[in-house]
């Protein structure tokens, strides 16, 4: 068999990690350059990830570290699903890093950039790893850097949210570790494929208890309904660039890890019915809580909860089209929410307030920022021709393809939440464009380095909304990889 | 591909207007007029064509554009009214800031509606439907202030509707494996009745909301009255008729005659809804004191006529429904434009109680309004007469006198509110503050003139539009009507406009001659009135105020928009509930920890005890 | 007694975990909660160690000729715990430094009184 | 031929209308124990008005009254007078219903422009009153049209004429009664003399009319009396038919003549009854009148329609 040469995916993790630790050294050498390090790192990741696409579409890339044969070595499994997320992460990382060039003005910038890189490196590690303990470790890298970044501004809200997030997150990781321990105690392996091979179906209670521990642990990071109390605080108190990454990437990575464990390791079909409800409840609670918010970032944070609920719902349909819908919704949520938070960041910077009512007349003062914000909201509500429509469309289609009354009822609930979502987002649009502000100061657009990433996000939203077919093949293979446990096993264990 | 290029051209044009408007303010108006006129021309040139093209592939769905007689008629109406209202906007929008945004959205709405009627499959139908919804939202919000809650109402209703339609489309797709309209119409007969009814209900919510059928009408009055007037004309004239188009498409093209009227009870329910939609809004319109709100309620009522026509399901009624759509588009647009002209000259006053006597100041607008009102009432020799006649006739002859009663009494209500509108704006005393009101500018007069002419033209020669409509109903599977140039021939009562025209003309000439032969009268001032010796106060009060006071007293006690009140109450309730829900995020970490542990504990407990999973 | 003898480490580990959770659930003082977290993590670590622990087992190094692999302690959990301890330390350090900042801002460590971020 | 018939029916209606106006005054005078004016007095008045100077308030002031008269005359062509009918084939009852609108609308436009408060009040009252009796009238017409399954008035009259008596179908008795009950309101007689209340609002809509305007208004008034009663006679009293006695000569000139005479006699009878009612009742207030119409005649008419529909 002819070997295809490709860049080693380990670099996806290694390069940003190395760069992250170069930053403090560089600080003494050339301080001005440090803010470009994340840009370079994630641009590298983005390019590498994209070049890997054609290879991954044919077969998964397995990278073994630490020698020996598969179950006993630490390995990376770069499948379509993982690569898809890693592209999303590096894309978001790259664009948000550009945004941060001007946006991050206060505090110790060195620390910001280190933590930012660590956060996303952790995220890439989580999606690419093939080993549950490594998953835990990367997860902790992600979590700890996000605890710190939430409190980065050092103001009252940031510190408070950060400590609350830390407490809940630590409990989550402890529970995850307990779950990993329980699994290891039974099967003596940490390799996901090996575990999956040993666990044919999840039936005994001894499997369910670790599963529950792991779900709860990951669920905290994935912000599923009763476990998501940290999210509104953390996302609203962090700097907007970090909120964008947390909302667009961190929780989705948590969700991905959870789904990977559920689908690949446990193959817990019967649990999906429960997750279906959990997803819808998460959606409902998130959107309802967002409905009467006056703080824009809190509103966006609650909306993220809602979106996560929708993604959980889509994954829990547990069909190929459902999973495709879920992945597509992940992509669309990353783009939308990142765009919204980025636009909001400069709007808050401009008005000095997070109250929605203070955004009056910003449509005139910051026309482009307001326009991008509007595109983001339209997309997140699911209006064509934006990407949010395509993803919601896929989810509805997948749910209705089940042809069960239950799904029709759940979809009715989802419609209700979309209506609520529309209500609060359109209210902001009205505030931006159709309410006169008292302040008559002149036009002052966001910084150009902020507008470029926003523009790219908006462009992607529009293009993917009109031509969703371009990524459908990739998404389909991601969905089938996640759904089809056996092929995953075969690709890893050989 | 010409259709596709046309749409692309239009969208690009709309953007061009926006960006050109930023740098060259003059160009955007010219561009808007030219583009809308070209669209009208394109569509007009497509007459008689019948084809469909695949233009895009969206998530595995093939998207089509198609044109045939049915969509051509709607497309022509859309582009025509779009063109006229953009001309009207030239002066209406002249001194408003940010009108590039307005023109762009105006074109967006028109293109989206064009897309709806040209859509050859349900997915592109839905996509254009949604584009229409949000661009309409932006336009309704345009005037700020009280327009904001109105547009919120609109967009929320609209989202509900479009989502339920989306579910309907996907449900249908699951059953038939296609969304292409021409294929659906063949496959649909293999589906069982229950599914068809379910789909019809889902679609009916969407179309009913757009068409403002009664339990879904409440967005319309505020939206119509708060939108800029040229857009109100579009909104009332064609945008809500997209619901009509949808119903026609669903009932007659997709599902087909032989199935839809064998669904038990469905048509009865729809007809009763239509009757209610005629009566209540009519009487609510009488109570209104805001000119545009009055017209808005009238729109709801007239939409009820159209809905009645298309759901009653005989060839006469369907033809009448489509014809009434066309007519209503024309005369209601005309009336909104006339009110817009008043609003423009009075700097935004449209309160009927404070206007009056404008006939001396704006005679042309008065004439337009009068002709529009005559069409609305349906007086013979105007277009509204023929379409209403068709609907009444079939209702009576097919044994639905109660529906006919609703329709006929609705007409009398129409007289009352139309007269109130005319009287309170144009007749009666001219308040002193309006002494210096100017005539409407030419760019406002021109669309009004064209529309007025069409009203009379169609009223005298109903055969011309009816021939197109005949082709449409034949394509639905009906027998063609026996249409002559001046009316309709059938065995149970003919309609012949030429008789009426001739008689009117002769009598008119005779009476005028007779009248002129009398002693010449003297023009007097408006205050030179007979008051049985008493003094007529000036400026003290306006007796256009509460014109139908006795009726108001009588109706006000029980006639309210209960449905709107109900919706508003439930919205408030939901808001309250939502506010309560977020209280679970207490802010205390201990409780959050408790949630986490409870979640874990419940999962384990449930599995241990009942082995659910 | 046999049960207790066999499972004493597990009982101890889960006892610690439960104590940690109890503290997190009940205590309002941030420092106490951080202590709770620490206990929780210790419990988890102990639990994982126990998984690979063998009574009288030797280190998993083939230092003598006659060593069988089933007499060795499983090395993997120990590696895991080492990592976990490091992570725990990082979290603890971060938590404590945040606690200092929190006290600077709010002049209290009672989390019941620090509820600005809610709803 | 048709044109001749048209002219003929126009003349008949104009003359009868004038005659009705005179008759009403005469009968009222006799009830009051006066001599009263001669029966041709309205005609004299019209001629006299015509030569008097009038004030005009504007173009619509002129146009409205002309429209009003056109509307009234048009309706006449659609009404079969005995066997004479000119436009029976142009849309039927529905067209009549619609052209009936023209007359009050024209009047309302005309007096609306006069800017006289009394006129505005009068129109408002008239329209409201019309709305309320129109409820009843529509139901009555619908009962007939449902009964005979046609919208042509001519056919209804013919179908009824074939029966022995005009109330041939007992199902139509209730609608007939309802029509009788609203007849005074349609004629504008007391107790429904609300719009043109001369003592209260100076004859309401026609307050500003003088000279030739008043002349046209008077003619119009007469015509409206004629139309209202002719419609009733056509719908319920078999038109120009009397127990079928003259069936043998139908189709001939004499047959038409006799039927016209019978038609007119029936009309006069009904009119006289209405005038009696006018004489003995006081004027109601608008609310009272509306309530009355919406309670009694409306419920009778609805019951009638239900019966018709149920049996068909």
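A few notes on this one:
Letters A, B, C and D mark the chains in the order given here, with residues in each chain numbered from 1 onward.
One rule holds for everything that comes next: a contact is a pair of C-beta atoms (placed from the backbone, for glycine too) under 8 Å apart; a residue touches a chain by one contact, two chains touch by 3 or more.
Given the structure is predicted, the values throughout are model-derived calculations rather than measurements.
With centres computed from CA atoms alone, B is the chain lying nearest the middle of all the protein shown.
Taking the mean of C-alpha positions as each chain's centre, the chain lying farthest from the centre of subunit D is C. With centres taken as mean Cα positions, subunit D sits 100 Å from subunit C. The distance from the centre of subunit A to the centre of subunit D, each centre being the mean of the chain's C-alpha atoms, comes to 79 Å.
Per-chain CA centroids place subunit A at a distance of 44 Å from subunit B.
Between subunit A and subunit C, the centres computed from C-alpha atoms are 28 Å apart.
Multi-chain contact residues of subunit A (touching two or more other chains): 164, 167, 171, 232, 289.
Multi-chain contact residues of subunit C, defined as those touching 2 or more other chains: 21, 24, 33, 111, 116-119. Taken chain by chain, the contacts fit none of the simple shapes, being neither an open path, a ring, a star, nor a full set of pairwise contacts. Across the complex, subunit B is touched by residues 6, 50-60, 62, 66, 69-70, 73-74, 77, 87, 89-92, 94-95, 97-99, 101-102, 105, 108-109, 112-118, 120-121, 123-125, 127-128, 130-131, 134-135, 138-139, 142-143, 145-146, 149-152, 155, 202, 207-208, 211-213, 215-216, 286-287, 290, 305, 308-309, 312 of subunit D. Those residues of subunit C that touch subunit B in the shared complex are 21, 24-28, 33, 111-112, 115-119. The residues of subunit C lying in touch with subunit A in their complex are 17, 20-21, 24, 30, 33, 37, 40-41, 44, 47-48, 51, 74, 76-77, 80, 83-84, 87, 90-91, 94-95, 98-99, 101-102, 105-106, 111, 114, 116-119.
On subunit B, the positions that touch subunit C within their shared complex are 582-583, 585-590, 593-594, 597. Remark: subunit B residues 357, 359-360, 363, 366, 370, 377-380, 385, 389, 392-393, 396-397, 399, 401-402, 404-405, 408-409, 411-413, 415-416, 419, 422-423, 427-430, 487, 492-497, 499-500, 503-504, 507-508, 511-512, 515, 518-519, 521-524, 526-532, 536, 543-544, 547-551, 553-554 touch subunit D in the complex.
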